[in-house]
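Take a look at the structures listed below.
Look for subunit A in each of the two complexes below; its partner is subunit B in the first and subunit C in the second.
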Partner chain A sequence: MAQGTGAMVARPRPPGLPSGPTTIARRVVGGLAMPLGSVVFAFVVGGLIVAVTGGNPFSAYAGLICGGFGIGCTQGENPALQISNTIVFLTPLIATGVAVALPFRAGLFNIGAEGQLLAGSMACTAIGIKFSTLPTPVLLPMVLVGGMVAGALWAGVAGVLKATVGAHEVVTTIMMNYVAQWLLRYLIIGGPLQLAAGTSKSLPIGPGARLATLLPSDNSLIVFGLPASVYRVHTGLFIALVAVAVFAFLLWRTTLGYEIRAVGQSQRAARYAGVSVRRTIIVTMLIAGAFSGLAGAVQIAGVDHNLTDKYFSDTTGFDAIAVALLGLGSAVGIVLAALLFGALHAGGSVMQSDAGISSNLVLVLQALILFSIAANFLGAMRSLIPGLRRPPGAPPPGNPAAALMTEAAAPPPEGTPSK
Partner chain B sequence: MTALTDILHLLITANLWQATLAAAVLLLLPALGGVISERSGVVNIAMEGMMLTGAFFGVVADLAWHNPWLATGVAILAGGLMALVHGVVSIRFRADQIVSGIAINIFAAGLTVFLVNRIYGIQDVGHASQNELLPNFNIPGLDQIPFLGQVLFQQNVVVYAALILLVGVHIVLFRTRLGLRIRAVGEHPQAADTAGINVYLIRYGAVITSGLLSGLAGAFLAIGVSNTFVPNMTDGRGYIALAAMIFGKWTPFGAFVACMIFGLGQAIYDNNSIIHVSPYLLSMLPYILTLVVLAGLVGRSSPPAADGIPYVPGTE
Partner chain C sequence: MGQTRLRLFGLVAVALMLAAACGGSGGTNPPAKQYKIGLVTDIGGLNDKSFNHLAYVGLQKAITDFNVKGDVKESKTGDDYIPNLTNFASTGYDLVIGVGFLMQEAVGTVSGQFPNIHFAIIDGAGTDAKGNDLQHTNVQSLFFREQDAGAMAGVISGMLEKQGKLKNNKGVISAVGGVSIPPVNHYIAGYKWAATMEDPGIKVLVGYSNDFTDPAKCKGVAQGQIQANSDVVFQVAGGCGLGALQAAGQAGVKSIGVDADQKDADPSVIVSALKKVDVATYTAIKNVVDGKFTSGALTFDIQNGGAGYALDNVTLPADIQAEVTKVQGEIAAGTLTPPADIPA
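== the complex of A and B ==
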């Protein structure tokens, strides 16, 4: 595109419209550059923070890589066990990542994945205790569906409030997070699910409510040098992968998915096209909540088998925001980002024990990744390099996070409540 | 019936209201910060992280220099620095302000515990002694007034400061030229820019002020109410402050009323041996009340028009 040659006024090409193979190739590279650049940025700044405070960033990151991927371990860690731990951590991140990414497409920001996950965990546990004698084919679907329904209701509150009175879903989902937090405390400290007085955990769910582990929990069977029972990878991994496939199918191959994307692009245009914006907002939040609730139910059914005070400080639903953003809201991206954050979580404890660097560095890295994606530091740096600078008349580069949620801050959908 | 009479008995004790005001101030400071920031058009859900940062650096400074006033200054600056990050990311880089806010909160939670580990080596930070804490101060004469004297005039110095700040913020926002500019920038930045107001300067100032106030709240929490730092000690107070800001419809006195209601809940919670409701169920109330307000059951509560929208000069 010639820029301002003589009196000729070049008609600006609409941004984001590919025109030819080179543009497509550049878009693919550009699409990968942003998430990778953000991760590199986070690790560089995180390394500086470690170095400034007198630590060795290289040994810290060596610990993270060993703990996350079982590579280069020096203190006798079992690589297979480390990889197994990473998979256990990444499983709930996939489903909650989807629960954040789907509303993004509709221009909604679901900060409530954590509360919805807890709602799912609580429903799963309650059903799993109440009907503990039922056999697996009956009880397992019951606890999983129960978790999905609970999560959907939790998110549905935000959806209905957004669609009817225009209450911002960010605020309502934050409030619902805390309602879930306190309900959880009530249930297992002095409430109906408490194991015994003085404990802060629930009764265990019945055997029929549990998801099988991939390896039999048999101490005599030795796999990769350790008893098979220490590997906690469970069939919930496949549920998570199905969930992310359902997400992609729903978004790109169904009418509802089209409506969700239309609402996200422009509520006004969607309305002219005959899409009910209110209905789409509510349905989107219900589905998102179901994904989160499923993640919570799977975590109980597959790993923990009861609610414990560990869930008070659970951050899966917040990690999911980073997963969805880093994965650019795509199915493959979400799985890859979940793998990264799963590995960081599993690696944190090894970093702490091997390198003496607090596992909380992982949170710092996560925050830095979020800053970098949100602020598009990479795009800003590119504009400082002369050869890559965009022409003066061109529109400002799209902000990836903002592009994912175009009308999140828009006023209530249909003016005044109808009926 | 007994539960009801127990609560009624509790409600007429000066102790309860004294504790209510102190708990309310802990929420009021970040809530005032939120009001200022959002009135200028920058969404701020990062009060939690700014407060936590203030609490941590306040304790570090207090343990190092044994001077609560100096430590409070450090805490205020630390909160302001965190806010500066939020400001640069959301104003200069036009980032999504909600993502930036979440990032600040995660960053603060991670960094503080990381630094505890680097500085003190163990999880336990150590405790400030009584004379290293922000003191209570009884206002001579006034503190002898029956009931009100104990509630209003036998408080921590930060409580008095917060009440003065409450009035100050109200006056600045609604009675001064600066306040008019802040509100103009939050409602219609294009028009404000045309009128010669520096939109970025106003927004940076407002965001940083919210951090300073949150940092002060952190100092009050760590070296006033408590005497040490524990990981995640703000425990959602920054988010309750956010709720109070919305509950109070983005006005200082509205936020104060909300903080008093939430503070009363906290004070009753702390006296939970007397009442027979699960304190955990009681703790849900601030959040549920805020949802009720948002549902429009108590009148509409809507944010400033340009809240959360980065300003790009020359756009409409």
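== the complex of A and C ==
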């Protein structure tokens, strides 16, 4: 085994840590305090930035809330439309959030969710075009599974390299992102999937490869005052929710999940206990890639129906890192964090047109949330540095999300559902 | 989690705004009808120093001249096009403008959902997924004869090369295109056509970066052309092309900017081929305010002031300037017509 993981050597748990219901309760409260605190911090600082630059933070946030949740709209925005936009945005964030959170549990940092998502969307499109005449019951599973396989292979490369030659997964997954992006460019600009010369998009996938929308895609049917086709929420939402449930089950109720967590907490201890670290790393990356690939396939099958140049500027796989961190790597947390990020995404443009505040504020808020989580890293470190260690008897620190990346994190309570 | 807090914020904000609204109504008669114009940028954003910026300039001018209400939504990713267009359309804007051909499909979709709202799109039409124009009667396409602007750059480059005023002086100039799509090729067509008209022996190299954003890609293409003795590099690749301008500057040869005046992008820029998106945006708004909206294509060229050139870091000799003015007049008058396709 290569020593590329030297930074992650095992640390013994501080002895004498109390355990019991009180501790668990404290941990839950502490766990909620961190993400909530990060969000509040981001909104307060963001509000100050708006105020200092001459805007009105209240109208800015009113615009965000209207755009994200359809609440309190002042310019006649349709609440149902805003909520449906938020749901469309959050759907891929859930599955890619899982694709980042699962490797975190194994002590791996998957920055390649974006590339894996692109691999999934490319496979889905290729299959959906090639077999466009097949009926839905055959073709839809084909494109979704195809996307998962492609994503798994994309991430698996990083997993194999990590397990065999010790190549750091941060580097390899980033590089695989570039490979995916340029492969995509080739495929739709001059390559085999290009629609026609002079275009930068693919043919649409066959009707059998498409996920149904919840409402019929009909311009003449009026629902909530607007044509039904404007509500783009599709059944991919349920696929994403199933995916996140599978993630929770896998992590907490299976042997593999136990091995993943064991490897994440201490590779040496896991090896000593008979867990194959190499195999676990490879399998973890394969599964994570499958989640990302699924997100890409669902995005094509549910929303876009073809590959276009808009995937050049897609950032879902990177937002997913923030989603996984803010969600503390837990299933419920990921869904809630994806909801927040989806709402921010949908709300930004409403804020811009209603309150006149640049939608770049959304990026500032996202950055502040991440910053705040990263700053908590220090809180985690504090308990490990002898001079700064809390006095005996003080309550144990919570479960800071950033510490999920380190083996120093205190293990979550065994056997309890990942609430 | 965050939402209770968010809702609270919302309630407070709404209360404040209601209070503000009550205090602000002073009892004056409302104006007859204030037109609402929505502008949706593409992923370049408002500060792209090009299309989106120019569209914004046109919108601002219209706000001043016609007292319209103009609002902007910047698209952060391609996923934002449909929500942004839909949002304006569903809140009753009179004209929704999409900037750039990247939004063609989105405009096609949304214009079908809102047949009573007017749409305008720069450089494109409302299309289906296969790129076929849906010909919705509520969509106006704002096209440009880029070849007119390219021709002006071509006249200057051709004459400079012919007179031996450039570095290598081996009768070679070049163009770096982003992707081989019609708007890009129009520019290059006019450029090559006019340069050949001035200097029949000239060789015009044409390369594509397959990219509109990454300067490194265009820099590489431009460096290859400069090694092949190109004296002038015409960038037709948006943000990517800034790398081509840099490559020219570093190699001591000249370059040509595109779409907006790129004088400040690099000292090597001698002229910019202009596509006046501000004029087009302003005209589209004016038409709606005047009740003269028409569907289909509206084309902007040298003749109606929608295309042209800007001289940058160079002072042209009198004979070249005279030729440029002469060709411009002939194109405007219709006696000279630059081709839309790149000549062989």
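Observations on the structure shown:
The working rule: the second predicted complex is superposed on the first by the 360 of 419 C-alpha atoms of A that agree within 3 Å, B and C clash if a C-alpha of one lies under 4 Å from a C-alpha of the other, contacts with A are read in each partner's own complex, and residues count from 1 in each chain.
We adopt the following convention: a residue touches a chain if its C-beta (ideal position, glycine included) is under 8 Å from a C-beta of that chain, and two chains touch if they have at least 3 such contacts.
These numbers come from a predicted model, not from an experiment.
Taken together through their common subunit A, the two structures put subunit B and subunit C in a clash. When the two structures are aligned on the shared chain, A:105 is found in touch with neither subunit B nor subunit C.
Contacts of A:321 after superposition on the shared chain: subunit B is touched, whereas subunit C is not. When both complexes are overlaid on chain A, the residue A:189 reaches subunit B and subunit C alike.
In the superposition on chain A, contact is made by A:349 with subunit C only, not with subunit B.
In the superposition on chain A, no contact is made by A:210 with either subunit B or subunit C. In the superposition on chain A, A:175 makes contact with subunit B only, not with subunit C.
By the touch criterion defined above, A:366 lies against subunit B but remains apart from subunit C after alignment on the C-alpha atoms of chain A. In the superposed pair of complexes, A:167 makes contact with subunit B only, with no contact to subunit C. In the overlay built on the shared chain, the residue A:278 is in contact with neither subunit B nor subunit C.
When both complexes are aligned on chain A, the segment of subunit B among 37-45, 91-99 or 127-135 whose C-alpha atoms clash with subunit C is 127-135.
According to the touch criterion, the shared surface of subunit A, contacted by subunit B in one complex and subunit C in the other, consists of residues 185, 189-190, 313, 358, 360, 362-363.
Listing the residues of subunit A that touch subunit B in their complex gives 49, 53-55, 109, 111, 157, 161, 165-168, 170-172, 174-176, 178-179, 181-183, 185-186, 189-191, 313, 318, 321, 325, 357-358, 360-368, 370-371, 373-377, 380, 396, 399, 401-402, 405, 408-409.
Across the interface of their complex, subunit A is touched by residues 1-3, 5-7, 9-14, 16-17, 38, 43, 46, 71-84, 86-88, 90-92, 102, 105, 109-110, 112-114, 129-131, 179-182, 185, 210-211, 213 of subunit C. Across the complex, subunit B meets subunit A through its residues 43, 45, 85, 89-90, 93-96, 98-100, 102-104, 106-107, 109-111, 113-118, 232, 236, 239, 242-243, 246, 278, 280-281, 283-284, 286-288, 290-291, 294-296, 300, 302-303, 307-309, 312. Every residue of subunit A that touches subunit C in the complex is listed here, in rising order: 32, 35-36, 39-40, 43, 58-59, 61-62, 65-69, 71-72, 74-78, 81, 85, 88-89, 185, 189-190, 195-201, 203-204, 219, 226-227, 229-230, 232, 303, 305-306, 308-315, 336, 339-340, 345-346, 348-350, 352-354, 358-360, 362-363.
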